[in-house]
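Just below sit the structures, each encoded as structure tokens.
What follows is a pair of complexes built around chain A, which joins chain B in one and chain C in the other.
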Partner chain A sequence: MLELQAVGKTFGELQALHGIDLHVRRGTVSGLIGPNGSGKTTLVNIITGIYAPDSGRVLLDGKDVSRASADQITRLGVSRSFQNIRIFNRMSVLENVIAALIGHHKPGLATLLGRAKRIGDPRVTAARRALETVGLLEQGDLFANELPLPLRRRLEIARALACDPKFLVLDEPAGGMTPAETASISELIRSRIAPGRTCVVIEHKMDLISHVCEHLCVLNHGEKIAEGDPRSVVNQPEVIEAYLG
Partner chain B sequence: MTDFLQNCIDGVMFGSGYALLALGFTLVFGVMKRLNLSFGPSIMLGAYAGTWVYLNFSQNVLLVVLVTVMITVAVGIYVERLCFWAVRRDATIASMVSSFVIWMQLEEVAMHLLPERTYPFPAFFTSTVIDIGPFFVRSEHISMFLLTLVLLALLHLFLFRTRPGLAVRAVSDNPLASRYMGINSSNVLFLAFAVVSVLGGLAGFLILSADSQVTPFFGLWATFKGLIAMMLGGMGSLPGAILGGLLLGVVEANAFWYGGPVVRDISAYLLLFMMLIVRPGGLVGQRIVAQQQAAYERV
Partner chain C sequence: MLNDYLLTVISNIGMISLIALSAYLLLISGEISFGQQAYFGISAYAGAIATTLWGWPLWLALLFGSSLAALAAGFVGLLTLRISGLYFSIATLAFAEMVRLSLFKLSYQLEIDGELIGPNGAEGFGEIRWIFDNDVSVLEYTLLIYGILLLVLFCLVLIERSRLGMIFRMLGQDPLLTRIQGLNPVRYKVTAAILAGFIAGLGGTLYAHSFTYIEPQIFNVMLGVHALAYGLIGGLGTVLGPLIGVAIDIGFLESVRVFQGYRMIVFGGLVAVMLIFMPRGILDENRVYRLKNLAQRWFRA
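Showing the complex of A and B:
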């Protein structure tokens, strides 16, 4: 499904990633953890086409997408949410999701000439379905900046879900949340988002990782230091030393 | 008091033209966070092309409107490709300077097309004065005001009811997020320029029709008035552009009545300076400035 072969990335003098290999099987939820500055976000940015790797390859369903741009990767079926929330503040919750769908479809005359919120439009239907999945349908007409942080994170996830992605990346979906809010989003991911999808979840909160992930990869200083079943990985001495303390 | 109210009516009527110019500036600034200084000269060249057709080929006013708008759009796209598309997104100064260079180029082209300083510009209707109680309104000002309202409604429909409008708003709201969502900002920018140029071409026609003449200085005039109206309302704000245009019109009309043409021109700059000192974000952009200030203080 998604395969990274010896992916490396350098920013000036800093080697952010050293030959990372990663294999994410179809229909699984993989976790990616590591201390701050370990290269998690750089890796995700390479997967989603924001950065091109300096070395190595990224394969999506066997196709080399190492040099594809972010919008091309999006159209290949990869969607993501962001650690730093990147919603459209001056647009409604529903419009936020529709905007993501406009970007997801290849530009054409039908896309250009259509009404943005026509009832019965497949984009509007998909957007409403995604909002319903994350429990935000009732807030569809609110401005996005009126939502509290936990609901903004849900909006980010809805935006990624609406594109019916083959591959979903959730970057710190519980960032800044209280334990109760974390438990709620964790259950949402496990019960309504993950089933039938291939996901990578980046998170610091081990409760969430162990609740939703079947596979775990640990990065430190741009290197992969452990990989495997979450319960066994977190007990490995090098992981405890590097990350869990 | 009657004079003051009459001036306000005149100001609102003419200020609607300023509002259209300001919308052109603010829409491009909202999408790109970059200033297009050659917006006014693009309109001037469109108007010159319309005048050239009027003087040499046909007295049909609709044809003049069409040529003015089409040439403004063509020049707008030329400016977009040269000064914005080809220049890196973060090179804001380079874009602004190159749009200034294109301004000079467009004035040269206009001077070669029609070398005299002043030419007559056609109007849709013959000028009449309509009495409304103690007040009066010129017919060309009413038509400019009403057409501006129609254009504003169409722009609103485009931005808030269509998919490309949604894409324009998305890029304007959060360029990085739109890129990550797969929205092609280059196409959106092209579209925004085309829409803005249509608005500019029509605004140019309406203003010049009311004035009955066109000169090469119209580019400079339109750039100044549009920029001032945008700054008064708040950079990047569409309602702000409309309010800024109307305020500028009202202040200028009163300044002209009580002090003459020189005072009118000075009043526009004075108003802008006062606004920048008292409310640097403009009439409706103050909240954005306050947020930026708060973020700066946190850092």
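Showing the complex of A and C:
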């Protein structure tokens, strides 16, 4: 499904990633953890086309997408949320999700000139369905910036989910949440988001990772230091020293 | 009966509204252009040349002038693809100044009825007499301006409700997030620039035929600054925003005697106050959304 082969990235003097290999199998949920500055977000930005790798390759369903732009990657079926929440603040909650469905297939003139919120439009129906999945349907008419943080995170997930992506990347979906809110989003991901999907979840919160992930990869200083079953990985001495200790 | 002075003020509001709408379209797409006066000017000259020197009908001259303006705007849009923010603003200003200075060098005169007629550098372009040749009264011409303004407003309302309009607003808020939704910002940035150029162009040709005389100095940076300020005062939540801005400036500050001589001071102060207390204008997105919800509830009740 998704394969990274010896991916490297440098920013000036800083080597952010050193030859990372990663294989995410179809229909699995993989976790990506590591201390701050370990290269997790850089890796996600490479997978989603925001950065191009300096070395190595990114393969999606066997196709080399290392040089594809972010919009091309999205149209190939990759969706994501952001560590620092990014929503369209001056649009309604429903419009935020409809926004994800316009560019899913390259829109032609007729699509572009069609009414964005036409009742009966399949995009509006799909957007409502995504909002219902994350429990935000009732808030659909609110302005997005009126939502509290946990609901904004849910809105990001709804937006990423709306076009039924082949591959979903959730970057710290419980960032800034209380333990109760984390438990709630963790259960949402496990029961409603993950089933039947291929996902990568980046998180610091081990409760969430162990609750939703079948596979775990640990980064430190831009290098992969451990990989495998979450329960065994977190007990490895290098991981404890680098991250958990 | 409306007197000619009042009609001139009203028609001026209509024509300037077009350049304000043009700047507004770019503002909601996230770009601050200080150069919309260039497209207004290009179309003013091109449209006036078409009717006065080539004998074209006004509707064709309008289409020609506006298309030329749209073409120039598309060209500038392509040239400025990789820049945004302050750099984009400076680039648009530089282009507009280049156009204005080029108009000082533009000399294209033909002999009509034994007289040399046409633009002649700093002397400007007089004798744009379509309005007299066709016996069009000030009232009729004002109605024509407002007919075109209404048509543009209607099209912009449709665009705002469309997916294209949604993309413009997405771009205005977060270009990277827009790209992550599978949309190539380049395509829509250039589309917005072309549409904005065309709308400014409509205003330009109408302006030239209304005042019957144009010169390069009219299309200076202050026209572009005003065009921007109208949207920022009136609000960026609806196409009516820039019209409110124009009405406040030309309809109120310029027309009310007590402000005469102080207009620019009051206007500058107003812009500063608005930017501090209402950075997206009177009718910003939030207020427009609340008003729409209120209206919907009222209609349902």
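The definition used in the following text is that the second predicted complex is superposed on the first by the 245 of 245 C-alpha atoms of A that agree within 3 Å, B and C clash if a C-alpha of one lies under 4 Å from a C-alpha of the other, contacts with A are read in each partner's own complex, and residues count from 1 in each chain.
Operating definition for what follows: contacts are C-beta pairs under 8 Å (C-beta built on N, C-alpha and C of every residue); 3 or more make two chains touch, one makes a residue touch a chain.
Just so you know, these numbers come straight off a predicted model, no measurement behind them.
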Based on the superposed arrangement around chain A, label chain B with chain C as either clash or fit. clash
Looking at A:Arg153, would you say it contacts chain B, chain C, both, or neither? Reply first, second, both or neither. neither
Quick check on the superposed pair: does A:Asp71 touch chain B, chain C, both, or neither? Answer first, second, both or neither. both
Considering only touches as defined above, state whether A:Lys224 meets chain B (first), chain C (second), both or neither. neither
Between chain B and chain C, whom does A:Lys205 touch in the aligned arrangement: first, second, both, or neither? neither
Taking the superposition on A as described, I'd like to know which of chain B and chain C A:Ile50 touches: first, second, both or neither. both
Taking the superposition as given, does A:Asp141 touch the first partner, chain B, the second, chain C, both, or neither? second
Identify the residues of chain A that lie in both the chain B contact region and the chain C contact region. 48, 50, 70-71, 74-75, 80, 86-91, 95, 98-100, 102-104, 107, 111-117, 159
Residue ranges of chain A touching chain C (in the complex, touch as defined): 48, 50, 69-71, 74-75, 80, 86-92, 95, 98-100, 102-104, 106-107, 111-117, 141, 143, 159, 163
Would you tell me which residues of chain C are touching chain A in their complex? 158-159, 161-167, 169-170, 173-174, 176-184, 285-286, 289, 293
Can you list the residues on chain B that touch chain A in the complex? 160-167, 169-170, 173-174, 176-184, 187
In the complex, chain A residues that touch chain B: 48, 50, 70-71, 74-75, 80, 82, 86-91, 95, 98-100, 102-104, 107, 111-117, 159
